[in-house]
Each structure stands twice: as C-alpha cells, then as structure tokens.
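Here chain A shows up in two complexes: once beside chain B, once beside chain C.
Up next is the complex of A and B:
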C-alpha cells in the first residue's frame, strides 16, 4: 500500500501530472473527452443490453447488433482509458484516497468480469434469433446496465468527495 | 405576471422545486447523475442511428428497423435529459441565464434538433429500400447532426468551466 501511495505521489509530482493539473484548460478538455468517451461506451453497451432483454432492435440478430456496436464500444473504451489515465496522473494522490474512485475501479472490474462471462456464455449457445435471449444472457444484461449506471454515477460523485 | 425569459427563470428559481433543490445537500449531485446517464443513452443511440445512415453500423439491417428501435431510446434519453436539465436549472436559474456557455448550448440544442429531424426526413424521402452505400445527402445530413450533438455536449461541459 505504501508502494502504491509512493507511486501516486511521484505521478502527482511528475512534470506531466503537474502540467495537466496547473494548466488553465487542459484538465477540462481531457475531462470533456473523458465524458464523451464514456457516452460512447455506456451508450452502446446499454443498447446491446436492451437488445438482449428484447426491448429494442428485436428483428436484428444479436450477433449483428453486437458485432457492429462493439467496435464503437472499444474505440470509446480506448479513449476513456487514455483520458482517464491522464486525469489520474494529475490527481493521483487525491484520487487514490477517494472512496468513490476506489469503488468505481471495483465496479469497472465487475463490469469487465460480467462482459467476459457474457461472451463465454454466448459462445456456448447457438441462440441468435428473435426469440427471447437465454436466461443467463438476460441476467448478464441487467447486471451490465446496473453496473455501468453505477460507474457513471460514481464518476460524478468523485468530485464531491 | 412576468412572461419574459428572465421572468420565467426567476419564477423557476423561487418555486418550491428550486427552493427544495437548493436546500438539499445531495439533490443537485443526484440530478447530475441522471443527466449524465441520459447523456450516455443519447450518445449511444445517436451514434447507432448516425452510424447506420453512414452505412457503418448494422449495414445489413434495414434503416427503418434500426431507426425504429433506436429512436425510442434516443427520445427516452432526451426526455431524461430535458427533465433533469430543468431541475438543474431550477437550482440557480440566474447563474445559467448569465452563462454564455448555457446560452450557446441552448442554441446548439435547437440546431441539433433541427439537423436531426432534417436527416430523418431526408431518410424517409429516400424511400424504404435501404441502398448500400446510403446516398451522399443522407450521409452528410447524418454527419451534420452528429457534429451538432457533439457541440451541444462540449457547450454543456463549458457551463461548469465558465
């Protein structure tokens, strides 16, 4: 833990970290891109989840909805991760102690595990049609909607702690 | 009764709603979270519809099917955004009234709505069979609409900075 704290402190004190933090506009610009990237990630994931629950795009095969949107999700994720790392770089010391940030990281890991579980379970089924999705996929979709909503809410909450 | 914009903003701020949000410690933050969730839903559905118009997303699906399924999500998201937006506004209307970024955002929101409706109209005018690739007019309209929405988002972020 002390090693992590030291790492955060040296990130915080580094030239890049200090530069982002003390710049007039850089921090806000990175933050704006971060929020827009989250919009791409959470928005496309939500649409796939709603498709799995049979609420939207019912005529389209799940593989097609997923195959198309997952590219947008990954592009958004790369942007979200890159900007997130820059924001962390500038605020490493405070963020690492922020309970909302810690919880957000935990839920991000949970979202990742849920996605892994979902892709494993989809690979083993032949289902792709317009009927109801398998129970496991539906539960995974509900967990995904809940966890990603919480990630967005916690991201906002960081600023209040 | 003062029906000018400033009058309506003053009334909103002094209404029980504005007073309640101002006096609550967590109301503003909570409403902000809903606003962000609405933003995420809107972003995802707009990228899907726009991407379909560009022929990039779900090209094998008929445009009408993609639009029907995704537009309902976009409209739901817009409803969440407007509702939570009015509540955020009620917290301190005069602050937003004077904020250049807020005014710009409202103008851009109007632009985004007009360009989006224009793109959808153009699409229905090109008829039900979805040609691949989509006509250049449809693609340009989609790009214009997506850029307008992007501008709304950036102006929204600027409200807090200015």
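Up next is the complex of A and C:
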C-alpha cells in the first residue's frame, strides 16, 4: 500500500500530472473526451444487453448485433482508458484515497469478468437465434446493465467524497 | 446450451463477492469537482483577511490557504476554494497574481462540516482588484 501511495505521489508530482492539473483548458477537454468515450462503451454494451433480454433488435441474431458493435465498444474503451489514465495522473493522490473511485475500479473489474464469462460461454453455445436467450445470458446482461450504470454513477460521485 | 449453466454463474458470483470484500474504504478527504451546496452553507457568510501560506492552482478547483489572526491574536490556517484555473483566468485572475506572503481578502461561505474551509466567492487581490472566485455554474451565491 505504501508503494502504491508513493507511486501515486510521484505521478501527481510529475510534469505531465502537474501540467494537466494546472492547465487552463486541457483538464476539462480530457474530461469531455472521457465522458464521450463512456457513452460509446456503455451505449454499445447496453444495446447487446437489451438484445439478450429480448427488448431490442429482436429479429437480428445476437452474433450479428455483437459483431457490428464490438469494434465500437473496443475503440471507445481504448479512448476511455487513455483519458481516464490522464485524469488519474493529474489527481493520483486524492483519487487513490477516494472510496467512490476505489469502488468504481472494483466494479470495472467486475464488468470485465462478467463480459469475459459471457463471451466464453457464448463461444461454447449453439444458441444464436431469435428465440429467448438462455437464462444465464439474460442474467449476465442484467448484471452488465447494473454494473455499468453503477460505474457511471460512482464516477460522478467521486466529486462528492 | 452446453456449459451455459447456473453453476457457472454461482462460481462467478463467488469470485465477485471475494473481490468486493477486498475494498478498503479510506477516511481521507478527496477534493474533486462538486456543486456549491455539496460542501458549503450559503447561510454562513464569512470574511477572511490573511496572508497566503500555500497556493494550489489546480483543476477542477483551485485553493489558496490563509493564515488568519483572530481578535485574541490566535492564528488559524484557512483553506479557500475557488474555481478552476481556466475560469479564473477568463475573469482576469492569472496564475502569478497571488504569491505566498501576500495579504488577501476573501469573502465567502463556511464549509458545512465546520472545517477551516470556505468557498471564496469574492477575492480582493493584492493589487486591489476584486474578482469573482466561484466555480462556474455551481449553484452557489454570486
């Protein structure tokens, strides 16, 4: 934990961290791109989740919905990660101590595990049709919607703790 | 639907529970962008006159710290929160306008939690200029 705290302190004190933190406009530009990237990630993932729950795009096979959206998801994720790292760089010390930020990281990991679990199961299943998705897939979709909603809410909550 | 079983999900949920139990909640305060009413009381105006001991020209809020002497001669260090560097710059308050040791007048509102922190809505700079210090659109008094 001390090593982590020292790492955060040196990130905070670094030229790049300080530059972003003390900038007139750069910080808010990075924040804006971060939010836009989140809309790509959460938006496309939500569409897949809603498809699994049988609420949207019912006529399209899941693999088709997934296939056409997953590249946008990954592009958004790369942008989200990059801008998130820059924002962390500027505020490393405070953020690492913020309970909402810690919980947000944990839920991001959980969202990743859920997606990993879903995709591993997906590869092994024969189901792809327009009938009801298997129960496990629907539960995974519900978890995904809930966890990503919580990640967004916690991101905003960081400012209030 | 091979392998797509409830058991698989139970295992997943267990690892999740294990992960959640790892969270360590820290009591240390962190400062990030928030509205006026999240931290300050609009019914408790205050004027501080003191010398600057520290300056944080930072996003998403800037801070400066004042040593303020009360009527009994006791000195207390107060934190004064203001808007971000970009917003302050647009109002003519530039980075180098205040220095450690300068005397400032800060009119603002006390923190709700009773700590030695105010939201500095009006700041009288060393050169006599009076600048609005609040965060843009934070819902606080002008």
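Miscellaneous remarks
The definition used in the following text is that the second predicted complex is superposed on the first by the 161 of 161 C-alpha atoms of A that agree within 3 Å, B and C clash if a C-alpha of one lies under 4 Å from a C-alpha of the other, contacts with A are read in each partner's own complex, and residues count from 1 in each chain.
FYI, contacts are C-beta pairs under 8 Å (C-beta built on N, C-alpha and C of every residue); 3 or more make two chains touch, one makes a residue touch a chain.
Keep in mind the model is a prediction, meaning the values are calculated, not measured.
On the shared subunit chain A, the superposed partners chain B and chain C are arranged side by side without overlap. When the two complexes are overlaid on their common chain A, residue A:160 makes contact with chain B and with chain C alike. Residue contacts after overlaying the shared chain place A:65 against chain B, while chain C stays out of touching range. Of the two partner chains placed by the overlay, neither chain B nor chain C lies in contact with A:142.
In the superposed model, A:99 makes contact with chain C only, not with chain B.
When the two complexes are overlaid on their common chain A, residue A:113 makes contact with chain C while staying clear of chain B.
In the overlay built on the shared chain, the residue A:28 is in contact with chain B and with chain C.
Angle at chain A (Cα centre) between the Cα centres of chain B and chain C in the superposed arrangement: 80°, in steps of 10. When the two complexes are overlaid on their common chain A, residue A:56 makes contact with chain B while staying clear of chain C. Distance between chain B and chain C in the overlay is 5 Å (nearest C-alpha pair, rounded to whole angstrom). Within chain A, the residues touching chain B in one complex and chain C in the other are 28, 31, 160. The touching residues of chain A, counted against chain B in their complex, run 28, 31-32, 35-36, 38-47, 50-51, 56-60, 64-65, 68-69, 72, 148-149, 152-153, 155-157, 160.
Those residues of chain A lying in contact with chain C across their complex are 20-25, 27-28, 31, 90-91, 94-95, 97-99, 101-103, 106, 109-110, 113-114, 117, 121, 124-127, 134-137, 139-140, 158-161.
In the complex of the two chains, the chain B residues touching chain A come out as 29, 32-33, 36-37, 39-48, 51, 56-61, 65-66, 69-70, 72-73, 150, 153-154, 157, 161.
The part of chain C that touches chain A in the complex is made up of residues 1-6, 8-9, 12, 15-16, 19-20, 22-26, 28, 30-34, 38, 57-60, 84-86, 89, 95.
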